[in-house]
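In the two assemblies presented below, chain A is common to both, partnered first by chain B and then by chain C.
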Partner chain A sequence: MSGAQGGDLNRNPPRPDRLDHAEGASVPLRSHVREAQPRGAVINGNHPIDQAEAAERFIAAPEHERMHDARLWDLRQKRDRQMHGIAEWEDLRRLASEIKEHALTHLDHYLEQFEANARANGIHVHWAQDADEHNAIILSLLRDHSVKRLIKSKSMLTEECGFRDFMAESGIEVVETDLGERIQQLDDEAPSHVVVPAVHKLRSDVAAVFARTLGTDPDDDDVHYLTEQQREKTRPLILDAQAGLTGANFVVAETGTFVVCTNEGNADLSANTPSLQIASIGIEKVIPRLEDLPVFVRLLSRSALGSPITQYTSHFRGPRRGGELHVVLVDNGRSERLGMEQFWTSLKCIRCGACMNTCPVFRRSGGLSYGATYAGPIGLIIDPTFNRHRYSSLPFSSTLNGSCTNVCPVRINIHEQIAGWRKVLAETHELPLMKKVMMREAGHLLSHPALYRAAIATADSALKHLPRFMVYNRLNTWGHGREVPAPPRQTFHEWYAKNRPTGQGEPT
Partner chain B sequence: MSSREDILARVRAHKPALERPLPQVPFFDPPQGTDLLAAFRTAFVQMGGTLPDCGPDDPLDVARAMVAGMPVSCSRVPEIRGNRVLTDDTPPASLADIDIGVVRASFGVAETGSVCLTEVDLQVNTLGYLPQHLIVLLDPARIVSNLHRAYQRPEWRSMHYAVLQSGPSATADIEGVLVHGAQGVRSLRLFFIPAPNG
Partner chain C sequence: MRIGLFVPCYIDAFHPEVGVATLELLERFGLDVAYPRDQTCCGQPMTNTGCHAESAATEELFVRNFTGYDYIVAPSGSCVHHVRCDMDAVEQTDDVRQVRARTYELVEFLHDILKVDAFPWAEFPHRVSLHNNCNALRGLNHASMSELREPAFSKPADLLSKVRGLEFVHISRPDECCGFGGTFSVFEKGVSEKMGYDKVRDHSSAGAEYVVSADSSCMMHQQGCAQRLEMPLKFIHIAQILNGARA
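And then the complex of A and B:
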């Protein structure tokens, strides 16, 4: 089998002064002002999350907003540079999308194939319908092995499952080993981004968290110092943990392998140090063949961080000598989502976060403003599948500019699905009251042309003469955070009536 | 029904009845005559790896001197001697006090500057992570062009553990400031040395 020609590996060597790897920034960024960290969305039982309210508080912290915006936009630009260096980039996106859609439309087959091959290699395979069953399976494994402390690497699935809280209540100490995730754990806060969990925090925020929880110098916010302190404090916990847990980025049915990508090597430490190894894996992660894997590995880190590959791409196909390896395959709503005609392709997501980095709403409001496990554009289309009521306002936190769709490495039509969710939520009466009233009034106006024209002329005239407090108030959301444009001197219809060629009728 | 059966039944009931054939994945080979060694060197440095300058000296002598300068060293290669011996039963956590480890990579990948280390290369997998520094020997004849070629290698079908390491442990989780040695090795140094048995 001969292949298509690839790009020239000897072209465009990187500048030696710019080491574009891991999540490092390619431009000097640093915060200069100490400022209280804005916290995330208010969680109030099953009430709908008010993302806009939390976003306003984020914007009211200008140093946080500026750094967050600059940092994520830099990641987006690093991604673009990687994309331009690969001639076959669009081929890879097309292939990734086709492979995922094939795998999802044959998901039962590939799950069974993975299970059979993994078992043949000595892996114990468990199945969990939901978060509760996932947590119960792992707790029972930990109790069987008398585990007191579990070390783990970052996994969005375990965030979905409320794993840390559950283990804390069950008397098991859980230690996150990814720096960003560890910061979030010590601050008792959820990750704000799927790839860079503490990106919403400034160095001064981290210094305060570490001073409070690890006893570091509260006045030293040097990043090298903070990172080294975390290494020194976490290492002893890793060395005498009795179990290690990772997630998985990809699962290869053909070989029974699961693949974990990290920059810190913390997944390899978590998996290889204790004798009991566990992996929590969503059922949508499976791909058919080994030859499909490079398509995704080539896209993942380039899309996420603008780095050619993560520092560590680790492949687990069986237990270590003298060790035990358990895989928990978790559904937690995925099989239901598979049946949603408009939304099933959201299961193609490889959790790179590119849609977050490019999203103007996400960059200026911070991931915690969404009050959900998944933030940003991908969150807007996944979260309502978990809880349609609580996340009913999230699909409105988008400008529908389509940038998320353009950068998605597996070509999910994210912005179209966001629009689709708005429609579904309107049809199932999950719209917030204010939007409902506005939509009903707008619908009435738009279906009656004479009324519409009269209203527009009145509104334009009114805008000219109304005092500011009438335009910029709580009820007019379009006046929040922006200046309403100056109204035109005349409406189009007035202009047309004056200038239309004679003998032609009223425009329709 | 068990959870397994429930999940599979729901997947069967809900999976879209759409024709979605599995595509053939090309190899995307670079143009004929591409200098793979040069491409590997460039990518390896970009990923934060170190290629020590050996000048006119034998690279092995340079590597040996590095190892000799460290209090605790552990070598998995016959060309270089360390002072910590591993056995198949060495507890993984006991490698934490090693200052420098030495391993030979199964192969390298020019596209990404990655080296493949397997459970056989490492003997105890934590040798790739717990030492403060890691030296990797790579046979320049064992460099494949890109990841498509890399995944054609036999290691993926025989090993229980194999990793593509691309530079040292790195993080920039705080304000994007890149720091090496987040949890794993602080430096990854590479020497091009042909394998003794070809």
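And then the complex of A and C:
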């Protein structure tokens, strides 16, 4: 398949001999070309992230870009096939959205209900206002139990909290149990996608990382070899870890329990191997009743990976015999977001990543180009709530095409919120001055018909002005990779004056 | 029925033939069509960039130009989407609300309002690939969307199916954005170009001679990409085909 374009994929039905579920691709995808892995956005203090620059470097690595696009488009197509298998799909999405909106608008009630029921189940419940508190609570638990090594499963919340770095500074070894996340940890990179964290890497990249960190053969990029080597090296670390940490996909208020969904079973490894179990959970994860849960379980993996359900859907009800179970409920900006009239529904997000898989910009940029915890469409509307200045350019990394909104299982109006953020950023002076000035000039020109007519009076001046005010930048930006439109002989306006001389142009 | 013809600035300056085809097509149905001379733009470029305040005067001018018509028709899904769904910088007076509600994109006007069942003058003996602008598709419901579980339909394809000789080809990612995205095409030129290249390759490998769309802006971008890749792909607005263009 080395020469296959992503487009070929679409005309091939799924092969019957392939495992068409879970995390598998429905067609073989493989690159035989070695190419250096493009790295993510340049982080420069609190300066706005330049996503476009990082995206151009990703595109300049054609094998990476092609595989990334094909892999994620395959997930989108698998998702579509699952959707067509469920007659009540759109009703499910509506119901999921309504349950989440209800829970979020009664958040205090359901969180307290969860806390009381969890305590009754023997779970220790902690509350963390922000990332620092979250990290401090867990560190103190680990120190109380003399923990030297913590194993953990994938959790975006811990990424928000800079948890791995904090633990490293505190002298506690953290070992990721999710394969993709482990690859990212060994490469000292953040996850590039909320569900498939190493999807931006080719297998040759993984071979290079493992050769460097695990001592494997750098020229052997066979997936079975690489997976087995990693497993052999990591299993001993897992088996004698003293504490395990997971996130949670859903928290059920009425039962005081929580649910973790994985395909590798690694959350169960994290939760059940050591006697001390900790779960870091964002407060927006709560749903009222157990009977609400199936609505989300049916939507989650179908939206994320196009599989009917994750391989493991684990319910945690209390501590193991002789063990301890701690839950840390984390706010970290969520309450503030809940108060934002235009943006609060972003808290409905169940982190399925469907918006990333369908996003044509994400597929061609790689998740690390966003330089933020959350990449892709959902990231564009969440990241500015953490740091409006640093992430001020991200809402512009979208064509506002709206596909993200359509695939969202909880019906977040993502593309409308992206547009909403652009307005907020313009109003709070977070737009580059040049952009703002050009828009002011364009607004002036376009609201004065005589000026406008003069500006586009000749073909030459139209070419000079039109792209310039329409798209703000110089013509050579348009012409970088595209031909400029041929100059017209006359504008429509001129044609009309000649050909419909009696046209009144006014309603009667 | 008094129709106000809105010819967006791109079309006015770069594709006047699309404005002409739209006017002639509406006149074929015996409609009284006027072109208000002082029109410029709908305000979308500024709003698209977040600069709503900078868009207000342009939106006000638009409403002044088009107040009083029974319908306002434009050959651009993107601009009509702005007028109908996003024109919120200007104060929402009765005139503004009325103009916004009466503004139609050409395809939906022909399909939903005029309910045209034949274009006897139209013949286009070519293989065409239909490109739906994202605002027309997902904002104006021009067609069913591949992301949703809904019955299949397509207003532009319905109209084109009444044209003699026209043969559709189908691309592998029909609803994928082509990467124009207004100001995006310049702010993110790398991604925009790559999306455009992928789109025109998709048209080309499906065997299209022509790409047809209800939006000139997407096609200007795609045409620029196709020419850069030296592809023999041709582009034509749906108004031109429906008005009887043969090539």
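Structure notes:
The criterion applied here is as follows: the second predicted complex is superposed on the first by the 451 of 508 C-alpha atoms of A that agree within 3 Å, B and C clash if a C-alpha of one lies under 4 Å from a C-alpha of the other, contacts with A are read in each partner's own complex, and residues count from 1 in each chain.
Here, a residue touches a chain if its C-beta (ideal position, glycine included) is under 8 Å from a C-beta of that chain, and two chains touch if they have at least 3 such contacts.
Given the structure is predicted, the values throughout are model-derived calculations rather than measurements.
Using the contact criterion defined above for the overlaid structures, shared-chain residue A:300 touches neither chain B nor chain C, since it reaches no partner.
Of the two partner chains, chain B is the only one touched by A:338; chain C is not.
Judged by the touch definition given at the top, the superposed model places A:361 against chain C, while chain B stays out of reach. In the superposition on chain A, contact is made by A:320 with chain B only, not with chain C.
Within chain A, the residues touched by chain B in the first complex and by chain C in the second are 5-7, 9-10. Note for the complex: chain A touches chain B at residues 1-10, 13-14, 16, 19-25, 29-31, 67, 71, 74, 88, 91, 95, 98-99, 101-102, 104-108, 111-112, 121-122, 127-129, 133, 177-180, 183, 196-199, 201-203, 206, 223-224, 226-228, 231, 234-235, 238-240, 255, 257, 263-266, 268-269, 272-274, 283, 288-295, 297-298, 307-322, 329, 331, 335-336, 338-339, 341, 344.
Those residues of chain B whose C-beta lies close enough to touch chain A in the complex are 2-4, 6-8, 10-18, 20-31, 34-36, 38-39, 42-43, 45-48, 88-89, 92-93, 96, 110-114, 119, 125-126, 128-130, 145-148, 150-152, 156-157, 159-179, 181-185.
Of all the residues in chain A, the ones that touch chain C in their complex are 5-7, 9-11, 51-52, 55-56, 59, 65, 69, 73, 80, 83-84, 86-87, 89-90, 358, 360-361, 364-365, 395-403, 405-407, 419, 421-427, 431, 435-436, 439-440, 442-447, 449, 452, 456, 462, 466-467, 469-473, 477-486, 488, 490-496, 499-500, 503-508. Taken in their complex, chain C has these residues touching chain A: 2, 4, 7, 9-16, 19-20, 23, 34-41, 43, 45-58, 60-61, 67-69, 86, 134-135, 138-139, 145-150, 172-173, 175-177, 179-198, 201-202, 205, 220-221, 223-225, 227-228.
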